[in-house]
Amino acid sequence: MTAPDLECTHLTKRFGDTTAVQDVSFEVPPGSFFSILGPSGCGKTTIMRMIAGFLAPTSGDIRIKGRSVLDVAPNKRPVNMVFQHLALFPMMNIAENIGYGLRRKGLPKAEITRKVGEVLERIGLPDIGARKVDELSGGQKQRVAIARCMVLEPDVLLLDEPLGALDLKLREHMKIELKALQAAFDTTFVYITHDQSEALVMSDNIAVMNAGQFEQVGSARDLYYRPETAFVAGFVGDSNRWRGQVMGVSGDTLQLRSENGLELRGSCHGRRLARNDTAEIFVRPEAIRLGHSAQDVSHFDNRLSGEVTSLLFNGAASRILMRPESGGEEIEVTLPQSGEFAHLDRGAQVHIGWSSDQGSCFAAGTA
Amino acid sequence: MQAAHRLGFVLLLTPLVLWLALLIIIPHIDMFFVSLRERVGVGEYETSLANYRTFLEEPLYLMTFARTAVMSVLATALTLLIGFPVAYYIAKIARGRVRSALFLLCLVPFWVSELVRTFGWMILLRETGVFSSLLQWAGLAQGPVEMLYNDAAIMVGLVYTSMLFMVVPLVTTLDSLDDAVIEAGYDLGGSGPSILREIVIPHAMPGIVSGSIVVFMLSLGNYLTPIMLGGKDSLWFTELIYSQFIVRFNWELGAVFGFMLLILSSVIVWGTLRLTGQTLEKTMG
Amino acid sequence: MKTYATQLKYAAVITGAFALAAPANADTLRLLTWGGYAPENVIEKFEAETGHTVEVTLSNNEEMIAKLRATGGGGFDLAQPSQDRIAGPQAEFGIYKPIDLSKIDESQFIPSMLMATKANTTVGDEIYGVPHVWGTSGLVLDTAKAGMVKDYTDLCAPEVSGNVSYRLRRPTLIGFAFAMGMDPFAAYGDEQAYTEMMEEVEAKLKDCKPNVKAYWSGGDELMNLLRSGEVVAAMAWDTGGWKLNDDNADITFVAPASGALGWIDTFVLPAKGRADDAAYDWINFVMQPEVSAMITDSVGNFTASQGADEYVSDALKAKYQASFPPEAVDNIKWYPPVPAGLEVIEGAVLDRVKAAN
């Protein structure tokens, strides 16, 4: 088995009394796209800066291709970084920007010119070498920033929320392009972001980080459908969320009474929960079926009826808010795309249902 | 509406035009005419270039002229050399209160008059002064050491007087350099010196040039520091101008000197801008 | 006690006399003078007695003339250049106006001094100046360390090498010329002879340069140099030596063997002065013996006021007599008027001395 490109073991960083990163371990296999997803202040930037070498870990080890890099200065590490605001050198033109690292390596001029030409070709901007940085569009700068790193053929490329400064349309486009570039260069990318859609779309593996620790590491699908902690369930994707008391347990299926009086069934997916425990239950809006009559949802073990209070139109991702008759908060439900409910109005009476399998339960208090 | 607009424009422009005309242009024109006057007898004058000829033919004047220029350039270079690390520390390394405190420290000397500042240096440098006593106390010198009345003392005084005018534009430009750009330099394999050379200095160039221009002009036009700290051989061009105007009653030659100084500073500033590829708009804007 | 009472009575009489006239022609007197020539107590007294107000601007000979020249003689109502710097600039720039002697109480002046000043400040048929404060320049020595210095040229002796200071100004040239056995004042009228004389002085000063610690330019600077002992022999004004004598009994003013250089600062009316009456009032006021004595106490120099000596402190009189035995007084070289254009010759010499290595 080949060594992972990047391996962090028991990584900890303290700033005075605050612990920014606590005992984080992970490994990134060669050629994969690894994301660290978390809210701002969770410590993800600290991890990235430790990998790049701008910060020294308080304890733990960082290995690149099996070799510890703790005593290697940032300018000697086989790791390069794309900064949040790209940090292109405004005093140089594009070719000089890309050639900077090669010049520092002391490559002959002709080879630098050749390599810069090649990488510009690969990012699809062959003729911009002589341009100034501020003459490029946001997307072009993005590609140049990546090319500037990739021309050095690093073992790992770190990306620190590089799409944050772009407008929405371009951001959507760049997500796809970044993934394509990663495939084209066949290099390990470590990407940090607070935007779950960036992480979900591009990554092979995602670590969800909260308060200095990894909550869960897994594929986008795992995180979305099988969150292991309440934080992940709440942070990744949208969920309806209730808090209540466990009334009964039978195998994986739990019976809960929510604080606002709803009787709900959910699944603990192997987590230990017992009768009388306080638990939280998360149900995704698209897991909930909508029906005109009670019959339509009669086959689900969770059933509610109520009145539509709001219509949230958003094309394919349109939702409604409904208030259950039996009390409690409004519930968000995805409209099916069949067009069956296209003419639903506010105040309409609807029935909803979902299987207990779709309701993830966690012991309360973890998030 | 249109008329009101025009009136506002004229009102805004008037002080500037008046200032330029009354305080700069008209006196210079007058100076120019004075410089073309040749005294032929008591109260009698003729128009001629005799004064300019005097300037060019007297080696003392030319030597003082060149000496002042060279010393000013040197003072500017020294100020830059000392000021750059200071500015870098203030802009990039110091944070919060330390930063304000350091900035304030640069400003403190300007709370007292230039005369007092120069006297301060005299107290430190003179034979019976603080440094000399310290050296003797430490056993590093046998007898009193005279550090005043030489060109080095002038240099110290000029650099000290000019420091703030170098540090402020440098801090401003260095402040505008994103820290990430420097980190990117390291990340891409740059070493300290190469980042300084390829990233920090090119970025700070407008600040370096504008600071240097100001410091150079201040040094060139300084009067008190060279007179008070300088020795018996230390000639300074402003001293010549003063003595022509005030001591010798020779306004004509004084005006010529004044013009020469103006031309010299213009030429050097223009040359510096050309050499560094900067424009006046970029450095002053 | 008796003197004090008399003084009071006298002052009261004068106050009464002026108070009557004062409101009619109260003016602002813009006075261009030297430091110490218009002390606060004198100004207060004058203002109280005449109703005029006094604005003082401190300056020196060269700056006074430059200021008046820049405005064509405007901006001030009364100025006090030295008597040798009146005729030349007047001929060249016309910056003064004649003095109306009928408005001055000539009996208050020492007659010989008044006569000499009148003679020296006459241009055409008009008199432009009357004397006020006089003094000399010579040698200020630390007699313990530089007792051997008897004349200006001794400043170049090896014994005091590195501890000497003088100004690079015209008095130095004149003083050295006398010490070298020449008479520059006699050559004032002969440019050729004067130039040659100055060339000899130039050579001497160039030779002397290694001896010099620094050329002083301000009085305070020289005081510091002497007080700290960094300089033991200097060419300077008499009052400077007397002041230092208070702190260090070894330091005092010595009249050089070739004669101290005597100067008289005068009163002149700038050409565009606006308050001539106030100016005449000031002249008559400060020439009273008691007021003159107050000025002498302030500045250290004696005045041309007849009988003021009585009121001057004994300490100052003693110092004066120690520095000026009778034969030294007779030997004082009084500056004659400087012909216009002489400064150019001297300036070139001074420049070359400064540039010499």
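Letters are used for the chains, namely A, B and C, taken in the order the chains are written, and counting of residues starts over at 1 for each.
In this section, a contact is a pair of C-beta atoms (placed from the backbone, for glycine too) under 8 Å apart; a residue touches a chain by one contact, two chains touch by 3 or more.
Everything quoted here is computed from the prediction, not taken from an experiment.
Participant: So with touch defined the way it is at the top, what topology do the chains form here? Options are line, ring, star, complete, other.
Facilitator: Topology of touching chains reads as a line.
Participant: Measuring from the mean of all protein Cα atoms shown, which chain centre lies nearest?
Facilitator: B
Participant: Using mean CA coordinates as chain centres, what's the chain A-chain C distance in Å?
Facilitator: So the centroids are 90 Å from each other.
Participant: Hey, how far is the Cα centre of chain B from the one of chain C, in Å?
Facilitator: The mean C-alpha positions of chain B and chain C differ by 37 Å.
Participant: From the C-alpha centre of chain A to that of chain B, how far is it in Å?
Facilitator: The computed centroid separation for chain A versus chain B comes out at 56 Å.
Participant: Residues of chain C touching 2+ other chains?
Facilitator: none
Participant: For the complex, give me every residue of chain C touching chain B.
Facilitator: Residue list for chain C touching chain B: 62-63, 65-66, 69, 89, 91-94, 169, 209, 212-215, 217, 221, 224, 228-230, 340-341, 343-344, 347, 351-352, 354-357.
Participant: Any idea which chain B residues touch chain C in the complex?
Facilitator: Against chain C, chain B makes touches at 39, 42-43, 60, 63-64, 122, 126-128, 146, 148-149, 227-228, 231-233, 235, 240, 243-251.
Participant: If we count contacts the way the header does, which residues on chain B are in touch with chain A in the complex?
Facilitator: Within the complex, chain B touches chain A at residues 178, 180-181, 183-191, 194, 198-199, 202-203, 205.
Participant: Spell out the residues on chain A that touch chain B in their complex, using ranges where they run on.
Facilitator: Going through chain A, the ones touching chain B are 52-54, 73-76, 79-81, 83-85, 87-92, 100-101, 104-105, 148-149, 152.
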